[in-house]
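Several structures are given next for inspection.
Each of the next two complexes has subunit A plus one more chain, namely subunit B in the first and subunit C in the second.
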Partner chain A sequence: MSQFWEFAFKNLFRNKRRTLSTATAICVGFVGLNLLGAYIYRSKKALDATSVYSAQRGHISIYKKNAVEQYQVKPRQYVLTKKDIEEIQIVLKQYGDSVDYTSTKLSATALISNGTKSYPVVVYGFEPESYKKSLQQKDLLLWAKDWVIPSQLENLDIFIQNPETISLTQRIGEVMALDYPFKSSEYLQLAGKNLDGDLNAINVLLGAEHTTGLQFLEDTVVLLPIQKVQELLSTDSVESFSIYLKTFSDTNDVIQKLRQHFDKMKLNYDVFRFDDVAINSMHQGTMGFLYVMGGFFVFLICTAVSLTIINSLTMGIIERTREIGTLRAVGFKVQQVIELFTKESILLAALSMLVGVILSFMICEIVNKLEIKFFPPGASQKILFILNWNVGIAASVFVLLMLVTWLSSYLVIKNKMKVKLISLINDSGENS
Partner chain B sequence: MKIKKIILSLIICISYCSLSRASENLANQLLQASDRSRGGVKDGIQWVAKVESSESGEQTNREFDVKANGDNAYVEAIAPAKNKGEIYLFNDRNMWFFKPSLKKPVSISARQKLTGQAANGDIASTHYARDYDPVIEKTENLDGEKTHVLLLTAKTKNLTYDKIRYWINDKSKLAVKAEFLTLQGKAFKIGYLKYQNKLTVDGQTFPFVSELKIVDAKFENNKSIITYANPKSTKLSPSLFNVNNLTR
Partner chain C sequence: MSHVVEIKSIYKSYLLGEVKVEAIKNLSLTVTKGEFTALVGASGSGKTTLLNLIGCLDNVDKGDVIIAQSDVKSLSEDQKSILRNEKIGFIFQSFNLIPVLSVYENVELPLTIRKNLDPEFIKSKVMSAISDVGLADFIHHRPDQLSGGQRQRVAIARALVTDPDLILADEPTANLDSKTAHKIIDLMIDLNQKKGVTFFFCTHDEKLMSRVQKIIKIKDGQIETV
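Take a look at the complex of A and B:
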């Protein structure tokens, strides 16, 4: 068996130029897919981290049944009351090992006013303690540092110290003609309909800033401690309950158990994963686009690699027709000849991809070191172009291209083996 | 022959212009007269507005003390207790909301829903003659009485409604019905007015609005009834309508 590998290896050097060009094509395809995979992997990790921690959704969000569709229309009927929260917390005690911390959220539409001008905004209410914990999470700082403003990390306790503090984006500050950086001595007003349908207004203290990371939300979203949002809406209820797990990998398991538990106890709650399209269409939309784009490139590169191997092998077979005939004449079985040629291609692909592993890793490192900034579509500001080289992706691409190589070479040589032995021996190789 | 034709054309043009001018004048006169009975007077007046709303099966009741003087209005919530002290200030065409706990008043829109079907702008005095361009569309019989149907188009963007179709009784010069229209001209709310109050200003007594029923054009069960009680002429200080005085 090892002799076959040895033969195959030696055969690679019979036409060095062709071997090199085929190897280059496979290597470039491998590197391309790896870099694309590294970008998609980074994007997914960044979106996951921002969805869970920046947007305060947690790994799991619990809403009143149908609240996602109905909360904006009939908020009073679709909030989670204190009793609901207690019920959820009792159920959650069973998953204590998986849960890191929990929090609640409440959103409202309102007018923000500085006494002379009013501007419509969406207010996201959060618990100051969980805000602090979320911003300190390793995953967020590792994958989505661009979406956290330095002042947010410097003033982690600002909402705990003063729950009247509101966080604005720089864009809203510009619209409201506020001095930047925001001073904590200025009071603004938030006015909006409370859950009874009456107009209500509260005072909020300027002092914190954030970024949504998204262009279309940058002039819309303000952050405020939940107790102030409750004051604005004249309620002690919340919109959703967020569960932060110790690891991402537990998410699906805990969701499944929670759903079963709620069904069994006939509790009317909806449980969502952080990237569920119902609560996070942005995540689904972005990743969907990246996956489609990735799939398209995988198809293109696999086709190119396959055609290169078919072309190279066909040329080789034409030149080595007599050799194949001789091998068959001295007792080699059809399957053994196929194996020999297939092993040549597999060996070539493996060596090319090993070089590709080193190349792709080096390109990722160089690109990351260069700290290139770019505007991703729909982003509110430039972010670092980071490529996260990943063993899993490299292994997947390796296996995929190996399969493509094996299949392409097998089909070519199998086809040639249909020719009769006498025709193979007689073939000069130049006109077959 | 040519001169005759020119003279005839001139006569037709002048007649047409005069007629359209007369129609415009009539529309403005009707609007001014109807505004007077809805609080649009130069002198200070005061009344209590009770708003009973029914929406999606839920009932709400609100009560406001309205003080109006010319283009300004000061509306203070007096019931229910939780809303007591809330103030809506109409300063010309600008509108402000204030409550005692606020450090500064909030600029709000007259279009915003106040309660039920009533918009913020519906509770104050009406100045349609100032705010809208009227055109007489037609004349029709409504409840057996001759009524002019006016199409009102907003002069500025910050008014309560973009367009209104307004029925004014020919004899009494009182508005009896209003269709509040979208920019595309579709009615989304319909208002019905009654005048059982009397108001005396400068020795002149005239009917004053007693009820405005606003019904959702699509869902008739969603409605608000604004009842106007105790209208009276009163002297009001201009400082009452100064937004800066709200916080003092």
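Take a look at the complex of A and C:
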């Protein structure tokens, strides 16, 4: 009934101060949740992009069955052979529409040395062509450009031009007392056990710098084209196969199909999503923390909004008891009175949140323009504090707070409607 | 003549603290369509209780209340709401107008909950009721912009707008000065005589009592004289 909305709207002006304070509480709650959502959204997008592209996992990683747990112990048994790769590629052809490109990865533990100083590192082997493609992906540049150092983006062809080139972090360079910026003519040696357990060593050319983005990996990880890592490990096999899809949204679908296919064909491969805890505990841990924190704040804000509405509406209803009685006397049913009062709260919440939409959007824009840099826990360098205002999050918060508002007001008025009609009419708190 | 109200041997008691008060005891009466009836009696005699029972605002302990051929006892709460909306109009001592609504909207209120009514029909009914009480120039005023007498006129228009079989008024002139009270009495009598509206009201106002067709005197919850 449109008159109910009109009536509800007029009632908002009955006690302007109370209406304003309730509206402020709802608006602040809405803005708070939106900003928190904007931060979590940005963090997730950045983590997704770095997991897929910077870390070269692809949207989907395929390993030999149980390789994630066993590769370090029995590497020869758990690598993907050339035959495995061919087998996977044949299967993948069925999903050609979704797949953008593929690559392989191989890691090894080794000792890096410049003749005077040696240092233990983990060598991540990658395909130079796909590395170049990955660092040029728009998702990475959009969400996590500041998680990649500029020289990485400037030297994308260096590994293609010279597959002997090794990339170090600045931290490893410091530990090894190398001149910084790195001189591209300096040869280093990598020594380690090959897959058969025999000692092996190769020469690599220092030529690039990278960051892992993570403090705990910054003094550990070096990057090297995969053929050099294979040379070090005396193998033509790889550790994992990465699939890069055209869109993130296809990931689960392709994973499901691949798993079904491998099961059906009795092929011994494990298929992981880029954020699977088995291969990317960092993503899971960070997002888990942010979701728990977000959930806690959602709970706090919903409780505060709910209590504000309950308090405000209870006060209003006490003052308007006789009015409720009058409405019932002229023929309003219990449900109609409940509807009238809940519409009042819903209208107030909607108006408050409309203001909140504008406010939260403006705050995001201002914060982003200020280009504030900060150190996220565990990060290797400062990154921009960016808040990505998102329609989906705003709509979800809107719906959530609407539900909270409706439920809170419904409970208050429903409780009041238990009072006998005659007691409502005879209430002395009338002000008309 | 058809009976708008038929009350048969009703009883009503309530608790005042821990004391049980017998407000109405074995009371029977009828109100015929077109009557202008005053219910009089001392304070605590049961006038308002009886009015509330007739208006389906409260339930009897025992006995039957039949309003416009509907046995109230057999009705659900929602059905009672519909009965109040369609058959009964209320005028309260303290007007009970909605402060945020205009005169027009206050009078329109009982019709807003009816389904499938043509907006033009609603408008004509509301304007007619407002004109009947002489407030056509005040339709956009809010209650706080009106005098006591004007507010009571709005309440009368709100009671009239649904063309009820019965208008119940609880001390309609109690909160008004004597001059305004006179005007309200004149208005009610006029509506009764010209439009045949049935009024049943309780009052202490002797001026009003002297001008009614029928007076029911109630004492200790029972009818003393008619």
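Here is the rule we use: the second predicted complex is superposed on the first by the 429 of 432 C-alpha atoms of A that agree within 3 Å, B and C clash if a C-alpha of one lies under 4 Å from a C-alpha of the other, contacts with A are read in each partner's own complex, and residues count from 1 in each chain.
Assume a residue touches a chain if its C-beta (ideal position, glycine included) is under 8 Å from a C-beta of that chain, and two chains touch if they have at least 3 such contacts.
These figures come from a predicted structure and were not determined experimentally.
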Overlay on subunit A: subunit C relative to subunit B, clash or fit: fit
First, second, both or neither for A:Q381, with subunit B first and subunit C second: neither
Which of subunit B and subunit C A:T314 touches, first, second, both or neither: neither
First (subunit B), second (subunit C), both or neither touched by A:V334: second
First, second, both or neither for A:N114, with subunit B first and subunit C second: first
Partner chain in contact with A:I425 - subunit B first, subunit C second, else both or neither: second
Larger contact residue set on subunit A - subunit B or subunit C: C
Subunit B versus subunit C as contact partner of A:K10, first or second or both or neither: second
First (subunit B), second (subunit C), both or neither touched by A:Q189: first
Least Cα gap, in Å, left between subunit B and subunit C after the two complexes are fitted on chain A: 83
Intersection of the subunit A residues that touch subunit B with those that touch subunit C: none
Residues of subunit A touching subunit B in the complex: 74, 111, 113-118, 187, 189, 191, 193, 196-203, 234
Complex contacts: residues of subunit B adjacent to subunit A: 55-56, 60, 62, 82-83, 86, 97-99, 101-108, 112-115, 120
Interfacial residue positions of subunit C with respect to subunit A in the complex: 52, 55, 57-58, 77-78, 81-82, 84-86, 90, 92, 94-101, 105, 108-110, 112-113, 143, 158, 162
Touching residues (chain side subunit A, partner subunit C) in the complex: 1, 3-4, 7, 10-11, 13-14, 322-323, 325-336, 420-422, 425, 430-432
